[in-house]
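Before anything else, here's the structure in question.
Note that the chains take the letters A, B, C and D in the order they are written out, and that residue 1 is the start of every chain.
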Amino acid sequence: MKIAMLGSGFIARFYATSLHAQRRTDKIVSVYSRNIDNAERFAQEYALPHFTDQMEEAIQNPEVEVVIISLPNDQHEPAVMACARAKKHVICTKPLGRTAAEAKRMLDAVEKAGIFGGYLEDLCYTPKFLKSLESINNGDIGRVLWAKSRETHPGPHSDWFWDIEKSGGGAMIDLGCHCVEISRNFIGKNVRPLEVMCWADTQVHPIDAEDHAIGLVKYANGAIGQFEVSWAFRGGMDLRDEVMGTEGTIWINSFLRTGFEMFTSGKGGGYVAEKAEVDKGWLFPVGDEAHELGYPNMFTDMFTSIEEKKDPLETFYDGYIVNAILDAAYKSAKTKLWEPVVLEVWRGDDTDIYDKGIKSYDKDHYLIKEELLPNGDTKLILKHKVTGKVTQTTNTPREK
Amino acid sequence: MKIAMLGSGFIARFYATSLHAQRRTDKIVSVYSRNIDNAERFAQEYALPHFTDQMEEAIQNPEVEVVIISLPNDQHEPAVMACARAKKHVICTKPLGRTAAEAKRMLDAVEKAGIFGGYLEDLCYTPKFLKSLESINNGDIGRVLWAKSRETHPGPHSDWFWDIEKSGGGAMIDLGCHCVEISRNFIGKNVRPLEVMCWADTQVHPIDAEDHAIGLVKYANGAIGQFEVSWAFRGGMDLRDEVMGTEGTIWINSFLRTGFEMFTSGKGGGYVAEKAEVDKGWLFPVGDEAHELGYPNMFTDMFTSIEEKKDPLETFYDGYIVNAILDAAYKSAKTKLWEPVVLEVWRGDDTDIYDKGIKSYDKDHYLIKEELLPNGDTKLILKHKVTGKVTQTTNTPREK
Amino acid sequence: MKIAMLGSGFIARFYATSLHAQRRTDKIVSVYSRNIDNAERFAQEYALPHFTDQMEEAIQNPEVEVVIISLPNDQHEPAVMACARAKKHVICTKPLGRTAAEAKRMLDAVEKAGIFGGYLEDLCYTPKFLKSLESINNGDIGRVLWAKSRETHPGPHSDWFWDIEKSGGGAMIDLGCHCVEISRNFIGKNVRPLEVMCWADTQVHPIDAEDHAIGLVKYANGAIGQFEVSWAFRGGMDLRDEVMGTEGTIWINSFLRTGFEMFTSGKGGGYVAEKAEVDKGWLFPVGDEAHELGYPNMFTDMFTSIEEKKDPLETFYDGYIVNAILDAAYKSAKTKLWEPVVLEVWRGDDTDIYDKGIKSYDKDHYLIKEELLPNGDTKLILKHKVTGKVTQTTNTPREK
Amino acid sequence: MKIAMLGSGFIARFYATSLHAQRRTDKIVSVYSRNIDNAERFAQEYALPHFTDQMEEAIQNPEVEVVIISLPNDQHEPAVMACARAKKHVICTKPLGRTAAEAKRMLDAVEKAGIFGGYLEDLCYTPKFLKSLESINNGDIGRVLWAKSRETHPGPHSDWFWDIEKSGGGAMIDLGCHCVEISRNFIGKNVRPLEVMCWADTQVHPIDAEDHAIGLVKYANGAIGQFEVSWAFRGGMDLRDEVMGTEGTIWINSFLRTGFEMFTSGKGGGYVAEKAEVDKGWLFPVGDEAHELGYPNMFTDMFTSIEEKKDPLETFYDGYIVNAILDAAYKSAKTKLWEPVVLEVWRGDDTDIYDKGIKSYDKDHYLIKEELLPNGDTKLILKHKVTGKVTQTTNTPREK
């Protein structure tokens, strides 16, 4: 497909590098930046035929089939509106909006215009994430009880991120959007998020936004989602997910411990790894950062979905749900209460009746625990269904 | 020293095995169990000269210098009271009480009787914990911002643990007491815990108590403590701590990943590891469980402190603080509010004024972030002290 | 580019899946298998326009620009010869030949025909390998002293691999070819491999070939290469490299420990991972196997090199060197002697003079070791240049 | 027991610290050092009642029941002879001798004198080692095929180690003695070591001894032992063992990756870890170094064995076998041949007939491999017992 890139900063470069790698068919044909010099430099670097400092010009370029928004958060809405007017498919970097209200207007605009609205939530496309989601859908870890996602690092590179007006928040809007959507996928996108409790604080930096936050999201089926985000972490970029199910566990480490370890005395002088904070001692590079962060899988899904006229894994609707959860989180951080997730649109299940799968041992007892002892006996801990009394019994197998 | 052991169950065996290992000088001389057969069997197994089913008889045995309480939670208070009456030093397994009120009465009793009251919080004595505490006190990771401790496993072995009357709660009272005291040590025992937010639920088992809980503890210096506990985890026993400081990070894995990995087809038939859930495939044994869990260091501190008439690292007072934090957590899980930590006694700092260490860049600006770029330049992100405006600037070194 | 695939087995499928993924431009247009049913099934599965059981027909198909050889080892030579006759570019799976003589004939044929001869050594294209090679070339770990590569698993899937006539050997020809070329890259392709010492044995299986081997390869600059291969390993597929340099260390784990850990009780029933041996307990899946094994990077390099008329990273010449080293290893396993690497063609450096970088401390002494003591002093261990006497001295800094 | 310590250097301190920790009963009562100041300082530090610069005086001290030799390698023999004369039990640090001849004289001396001769091979007493040995003896990993042990670090602290006269060699005598005995335990102490192939070189340092060596030890049952040692490793102290058996695998990491990870910006200024090489960035401390290195378990076994008049796990005889294997290794490094292990005394099995456990599939075929396919079928790879022909067949279960 032929692509217009809006933006020429850090994330635009990361996207462009992924798109032009590995002999892929899709090509960027135009780049827009508010600063014409940046646009030109970007066009040169990626050998693009066109650049401009007029956003509309890039979008309306007749060659362009799809627009990628890689702009600061406060410019997502106007850019989406321009795409809707031009009837150009649009895929937008995360978070979709600074608030759910903003995201809802973008969702409505693309749906009304009949264009494709893809949500560039790369961390829901990492190889490890996709494979673990498949395992969970296979039932390998049973019913999901808890899904935690953590993203922390020493803070973003660009100045606008630190300005609450432009970004819409701090570490939570920047990193929490990833974590919330990761947990939501693991728990099930059809399961309604009910309410959020969040602690957030500005522990280190002289900024108005939070640089550290921890939140809990309660889902209709009793599962709990959790996010941990920080701009004050020391040691690199820490990207980890943990899922606990009734039949198993999944632990994913996407960045700092991926089976690549290196010690250097620092005498070589090479630039070793991004956000690594140090350039000597033990370092933990990632083999292929873009792939490990999900970019190739994400763009493949987006462009193939456009061609096949189907929904991608992550849509503007998903972006809207994420913003609604984060809105509740921001409110909770202020009110110190569990705040409901307010959803003007909800397309998932509406039930709150879920089977816990409590096991009866016999007609009078529930089974609390069954344990194989080293001597071959089985220990049973039971609860009487009426009296509630807990008892313990041991079964010896007839022949061992 | 000469010891009376109260209790003959799982934890009493673990203690006794540690005490009688490695040519240590201290010896158990009497064991009490409500069930005389269990007492006799225990005495035989550890070659003890005396056993009884009368608690007072064990405590008042004239040979006995110190009493170890390894009884179910609801029997801690009467046992401590009996030690106080007999003026025998006492060390008690965790949690000290089922509630802060219970713990407070025990604290008062030992202090009034002038006897030693040691709190057997083994996980604050693990080799990794002690070494990391030393590093934190050296300033190696700067000011602690967040201290998380996690303990999860598939549920306890003994029936009484599953009975809320006897245990005083579920996973939170059982495992959360460890986590709370670990975080408190990392953040600083002198820093007052202010309030607690806790989510708790019974997700899997047919019991009245919670089998999964997550809590946040806010401290007076702005640091946040976190605990994650569960009786529904699959995969063994997961014991991990994570500390984030302004100058560094500490990650401790005390059980499931300690540098010992084993694959077995299961054809050997050996009993491989406790709580491992499976006996074939990849297993992760611990070299020396007792040592990794802190028992030898804990008993060394306790007996040496008694002899040297000084406080051990973990006292009845600490046990009381832990119970007070857990009381707030249990209340919060019901009210869904941040609940204050109610402390009748507080022996730490009373200030709530702590320096955040915000750095000025020049007289007009704060420094948000300083970043070394790959080309050798330094990028500075600054905030104006009056207007709050965020700006970015790049410094090129004169000569590189 | 337009591709003919020779072969329809395990490795052909792996290649085809990689080639047709991620919206890549290159396409397979014909498949050959000796068994017409297999050819047809393969063509259907990958939606290919053409299939045949006549090798020449696939190669000479006028649409075909490049041929991929994914055949058993004994069929590489005739297939290459057919490509040379048809003047079609050819890329061939590893090992190039069963012996150096075979490989040499293939090398000569492609060079004489003026066609491209790419060697599909995927493990020299993994993301971790490429990044570590870049670090080594930057000098981050100094002079390479030792480069070990290890590949072990429970044995190949296809029957022909177990037949020494068809495969040319056992675990060493199958897996050792990877390891030898990995070490050679780390040490430097220009450095001449001198001689090989190899132990090989058939420890477990009722076969004629070795199922376990360990070898050392001495290089002209004093570096040592090492390979460890086995078809008797239990626990999955173990792919690890270790490099030791004068200024650093690199450890790569490409398969069994890549930051993805999963526990399952096995009740879900899903098929979890290839070669994992077990389907419950702790499992260690790989996110994207093909990418982690280097296929996408490898094909990108091959096709781009063809288009740009340059050598790929791995050529038929490299395949020939690898075969020559393995020939020496097989000989050594029999003679129990260090066997010279016999190279009819050598295109690298011919020197055996390399600087060890021994440091003088002063005009009379060499520096053996410099060590910073905890008290801030520096301890020096020196050797007298003439007498050889080792002495120790401590320097205290003027002001600390 | 009452102990005389010979030596006051690095290893003597490590031993003394372990002995006087954890309320152990055994006490050092005298210390000898050639340098009286060192002896006095040591005595003060460990609160010892006696010190001397006369070795005989320490040994013959009537209070002394057992002597610990912590002297440079060249002084082991005279010290053992003095103990034999004084009829004092003796335990000696590793390696026992510089050569097998030396070790044999020491072995003969203690046996003739009727005293206890314990070999302080601490790494055969680490918690992980003891537990894995137990698993192997249980049959959990089947028949051991390969046992590798690796010890590398940036070189020893003391000057005498670098002097080949005093130490008897380089990295191989220093570190290889550990590795050889570890492998021998895993393979079975009763299995005769037959011959050794060794590569050794001085790759980095201006010394006469080797600073890097790799060796293979062939055992009578077909198992292969392997050691990798270096004084040129960068990144700390790397202690790892790997065992491959027909039914399983064991991987032990005893030092650099034990579940304790720490990042520090270095602003704290604390001294973090021994041999860590760096004091900022990612560090990997060990919780309790002495315990992780086996000291407490080792001394417990030694003193308990003396009291119970039984052999400890590691005796002078074991030390002698290790020296004999290392003698062969040193010879092989020079001759470049597999050198036989010359044993004047051998107390293990004398057979070389061992069952490989080759499995028949039916009366005509051996089973090469059985593999469960994803579709539930079982694939069998068979070899004809007479013709040697390899065939493949697939079994579909009746009902799945």
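The working rule: a residue touches a chain if its C-beta (ideal position, glycine included) is under 8 Å from a C-beta of that chain, and two chains touch if they have at least 3 such contacts.
No experiment lies behind these values; they were computed from the predicted model shown.
Looking at subunit C and subunit D, the chains in contact with each of them are A, B. Rotation angle relating subunit A to subunit C: 180°, from a CA superposition, given to the nearest 5. Note: centroid distance subunit B to subunit D, computed from Cα atoms, is 35 Å. Taking each chain's centre as the mean of its C-alpha atoms, subunit A lies 48 Å from subunit D. The set of subunit D residues touching two or more other chains comprises 141-142, 234-235, 247-249, 263-265, 271. Those residues of subunit C whose C-beta lies close enough to touch subunit B in the complex are 234-236, 263-265, 277-278, 280-284.
Those residues of subunit C lying in contact with subunit A across their complex are 21-26, 126-132, 135, 138-142, 247-254, 257-265, 267-272, 285-288, 291-292, 296-297, 299-300, 303-304.
Of all residues in subunit A, those touching subunit B in their complex are 141, 145-146, 152, 154-155, 157-160, 162-163, 197, 199, 201, 203-208, 212, 214, 216, 218, 222, 224, 226, 230, 232-235, 244-249, 271, 336-338, 356-359, 366-369, 371, 374, 379, 381, 383, 388, 390-392.
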